[in-house]
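Please go over the structures that come below.
Same chain, two partners: subunit A is paired with subunit B first, then with subunit C.
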Partner chain A sequence: MNQAEVSKLVSKLRIKIPNEPRKLRNIKGPEGRLDKLRKTVTGLFKYERIELNYSRGDEARQYAERLISEAIRHGDCHKPTMEAANYWLLEKELIHKLFKVLVPRFQDCNTAYTSIINAPRAINTRSTEKVVLELKGNPYPPLVNKQMNNKLLIQNVLLDAAKYDYRQSKYREMAEKIGITDEIKPTTNKDENRTNQIQLNDNKLTEN
Partner chain B sequence: MGARLWRFVEIMKYMERTILSNFFKQPPKELGLFSVTEADANVKAPTKGYSLKDIIGDGYLLAVPKFRRTIEKRLKRKYGSPEYVWKMIVPKNNIKVCQECGHHHECGRLCENCYTKIETETKLIKDKIVEKLGGSPIDKEVVVLYENETPEQPKEFWKGKRIIEMKKERPSWFSKNLLQKSTQEPSDSKDVKPTDLA
Partner chain C sequence: MFVNVYFPFSGFLSTQEAIERRNHLFTLEKKRQHEKVGRIEKIEVRYKGIPKDCTLVMNKGISTPYDCARHLTEWHVDSSALALIDGSIYWDMHRPLNENCTLELQNFTVAEPQQVNKAFWRTCSFLLGACATVAFKDTVPVRLHSFPGPDIRSGSFVYDIDLPTLEDWKPTPQELFTITAEYVKLCRRDLPVERLEVSEELAKEMFIDNPHKVKQVPSIASRHGNITLYRVGNHVDISKGPMIANTAQVGKCTIASVHKLVGPPDGDVKQLYRFQGVALPTSVMLNHFAFSILVNRARKLNPVWSPVGTSDRGEPIVDDVRTVSATA
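Let's look at the complex of A and B:
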C-alpha cells in the first residue's frame, strides 16, 4: 500500500467531531460563518474563558483544538501552521501566545485542550443554551470543583467515619437480637387475654 | 391674473369651510369619512335584486373570520403541542442540590449561585490581565496573586511567568487548600477575657 496513513497527516483531536460542519446562520453565508468563528477563537485565546451560545461555542472549540494541536505537532517554523495561526487569530499578539505559552502548557497534556460546560439557564425562559468555553490551565477560579470526590477532603473523611460508626452500632444491635430470639419467645397481648378468659370460664363452671 | 383668481377661490373655500359650517352647526367636511346615503322613507325597498351593496352603500366591510376554527386548532392554541411547544406547566424532575452552596440547579448544568460568584471574580481577573498586558505580544504564562500572599514556590517556578497582583484578598472559596485558610493571619489581639463568671 502506497497510501499514507491519514492519522499521520491530520492530528487526531481528543474531542468528538461531527461528520459535517455545523451551519451557522449568517447573512454573508459560509464566509460570514468563518468570520464569526475566527472572532470566537480569537476571543478564546485572548481571555481563556468565554460564555456564548452552544452551537457557536461547540463549533469554535473544534477549530481552536485543531490549531493548538497543529502548533504542538509542527512548531512555529512550519509555514502552513503559521498561516493557519495568522488566519484564525485576528489579534496578532496572540500568535506569540499560541507558540510561547499554550504549546508548552499543553505539550504533555493527555486530554483535550479546551473544556465546554453548560452554563445555568435563566428560570422560566426559553432562552438559547449557553455554554462556558475555556482553555484548560487558566488562572481563573475553577468552574467545577472536583474535590467533592476527593477521599481525603475533611467532609468526606468525617462522613465516612460517621457511616462506619452507624454500621457498627447496627451490627451490634442485630447480634444482640439474635441471642434473645433463641432463648425465649415473648407472648403477645392477645394470647394473655385469651388465657384470662379461659380461666374465668373455668371459674364459672365450677360455681355452677 | 390666474394666480390671483385661484387665491380668491381658495379664500372663498376657506370661508365656506370655517364660518358657514360653524354658523349652521355642521361638522367640517373633513370629518365626514363615511357618507352613507339614507334611504328615503317613501321609497319602497326593491323586492328583488337584493344585494349587499344596499346595506353598506358607500361604506366597506371589515375582515372577519369566515369559518369556525376546528377544535384541534383551538386546543393547540391553548395548550400547545407536546412535541413542539408544550404550554402546560410541567414539573421538572432534573433539579439537583449544589454540593458547594446548597442552592438548586438543573442537572448537567452549573449552579447559578456558584457561577455568578465565579463569573464576577473571573471578570475582575480578566480586566486586570488585559490592563496589564495591553497590546504587547504575550509570551509568558500568567499567575494571579492576591493581597498578602507570599509565593511559596522556588525561584525556578517563577521564571518565565507573569505575576498579576489583585488588590484584594483571595476569596475563601477560591482557595487551593480548603483545609487551611492561607490569607488570614493568626490574630494578635491582646484582649483579656473575663474569668470566674457565674
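Let's look at the complex of A and C:
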C-alpha cells in the first residue's frame, strides 16, 4: 500500500540488467565472485578501457554503473556511498578519481556511463567470447568508426555509382518496353543534380 | 650518370632487360639527385593531427612525410596514404620536403577523402601496368601505352596496353585469375611507391624500348617541364601523381576484364587492350557480395577517355562518355 517507489530509492541504470546474477565459477564461491568483480571494477576505473571475457565484463559493468550512478546522486558526503566506493575500489586513490573526475564527467550524461564492445577472437579456436569494456569519454582513440557513412569514402562512391548504373539500366529496359528507344527521359531532379556533380568531380580527365 | 650504361642495341631489348635497365637508370638518377643536395640544411615541419600538434626538425631535400610519420607512431606509418602540405598541396609520402611547412597526414578514412581516393585509383592503374608486364611469357612483348586520369565513379581502374603479337585475344577466366594473382603478389610485397623527377632526355633514354612512351615524353615535358616518374619494385612508369605510400595499402582487388580497343585505320595506334580492375584499400572491410557487385560492374567496358578513341564495338568512346553523363 504505502510502498515506496523503487526508483526513488535506487536510481535507474541505463543498461539492461539480467534477472539473475551470474555465478562466475571459482573455488571460493560467492565471495570469490565478488573478489573477481571488485578487481575488474577497480581495473576499469584505473585504466578506463579493458579487454576481458564477456560474462565477467558484462557482470562488472553493472556494478561499475551502479557505483557511478550512486556517486552522482549522493555526492562524496554520503556515508553509504562512500562505503560502497571503499568496498569496490581496491586502490584507494581511485575513490578520489570517482568523485573528482568521473562524477563531473558524467553529471550531464543521459546515456550509460560505460560501453561494451565485442572484441575480435581468433578463428578456429575454442576461446570464449571477448569484449572491450570502457568508460565513456576516455582519452584513447575510438574503437568504433562512426565515419563509415561518409558518402565520399571510396567504397561508398563505388557502390553508389554501381547502384546508379543498375538503376539506369532498369530505366532503359522500361523505356524499351514502352517503346521509347531514341531518348531516355531524365529521371528525377535529384538525379540530375547528381549527374552535374559527377561531371564536375570525376569526369575531369587528366593525362595519366 | 645514365650515359655510362648506354646500350647500343636498346631497340632490341627483351621486356625483362628493358625493365632492369630502366630500374638501373632510375636508381642512378635518384642517387645523383640525393648527392646533389650537398650540405644538409634543416627545415621545420609543423605537424597537425593526432596525437597532438608538434614541430619536427627535418633535413631539407632529403626528409619525406614518410620520415615524419616514422617519428610519430607505426599506425601513422602504415595508414597514411598521402600528405597535405600547408593545408592545400597534396604531396607524396616519399617525396622530399624542400621548405618549412605544415604537414597533415591523410589516410583513407579522413572526412574528405577525394584526393586520397584519386591517388589510390591512380596507383592501382600504375600497379596494373606493372603486373601486366610480368604476367605474360617472354615471347609476348608488352608495350604499356598509358592510363587515363582516375575516375572512381566509372567503376574500374584502367590501363591501356599494346600487345603487338596478340591480334585477337580474349582472356579466359583462368588467365584473368592469373593476372589478379600477380597483382595480389605485387601488393603483398609491401613495396614503397617512389617518386622522381627527371629531365626529358633521360626519360626518353629510359623508355627507348617503348615507342608509345617515347612519343608521350616530349608533349608531357612541354607542359610540365620535367617528367615525373614512379617506381614500385623494379617497375618504372610515367605518371603525374600523387600516389599512395605503399603497395600494402591496396587490399581486396580483382582484375575484372580485358577489352580490345580498335583505333581508326589512319591513326598511329591501331589497337590496344584495355585492362580493367577494381580494388579497395586494406583498411576497408567490404562484404564479399557487395564486392562482387563492384566486380561485375568492372567487367563492362569502361567508357573513359582512351588514346585510340573507339571501342571494339565501333562506337567512339568519347561520345559514349558524353551520352552517359548527359542522359544517364
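To be clear about the criterion, the second predicted complex is superposed on the first by the 148 of 208 C-alpha atoms of A that agree within 3 Å, B and C clash if a C-alpha of one lies under 4 Å from a C-alpha of the other, contacts with A are read in each partner's own complex, and residues count from 1 in each chain.
Convention: contacts are C-beta pairs under 8 Å (C-beta built on N, C-alpha and C of every residue); 3 or more make two chains touch, one makes a residue touch a chain.
Values in this document were obtained by computation on a predicted structure and should not be read as measured data.
When the two structures are aligned on the shared chain, A:Q168 is found in touch with subunit C, with no touch to subunit B.
When the shared chain is aligned, subunit B comes close enough to touch A:V101, but subunit C does not. By the document's definition of touching, of the two partners only subunit C reaches A:L159; subunit B does not. Shared-chain residue A:Y140: touches subunit B; no touch with subunit C. Of the two partner chains placed by superposition, A:I27 touches none, neither subunit B nor subunit C.
Contacts of A:A119 after superposition on the shared chain: subunit B is touched, whereas subunit C is not. Look at A:V6: by the touch rule set out above, it reaches neither subunit B nor subunit C. The intersection of subunit A residues touching subunit B with those touching subunit C, taken from the two complexes, comprises 141, 145, 147, 153-154. Within the complex formed with subunit A, the subunit C residues making contact are 50, 108-109, 111-114, 117, 120-121, 146-149, 151-155, 220, 238-240, 278, 280-281, 284, 286, 290, 293-294, 297, 304-305, 321, 325-328.
Of all residues in subunit A, only 141, 145, 147, 150, 152-155, 157-162, 164-165, 168, 183-184, 186, 195, 198-199, 201-208 touch subunit C in the complex they form. Across the complex, subunit A meets subunit B through its residues 46-47, 49, 51, 91, 93-94, 96-97, 100-101, 104-105, 117-121, 132, 139-141, 143-145, 147-148, 153-154.
Residue ranges of subunit B in contact with subunit A, taken from their complex: 99-100, 105-106, 108-112, 115, 118-119, 121-122, 125-126, 129-130, 135-144, 164, 171, 173-174, 178-179.
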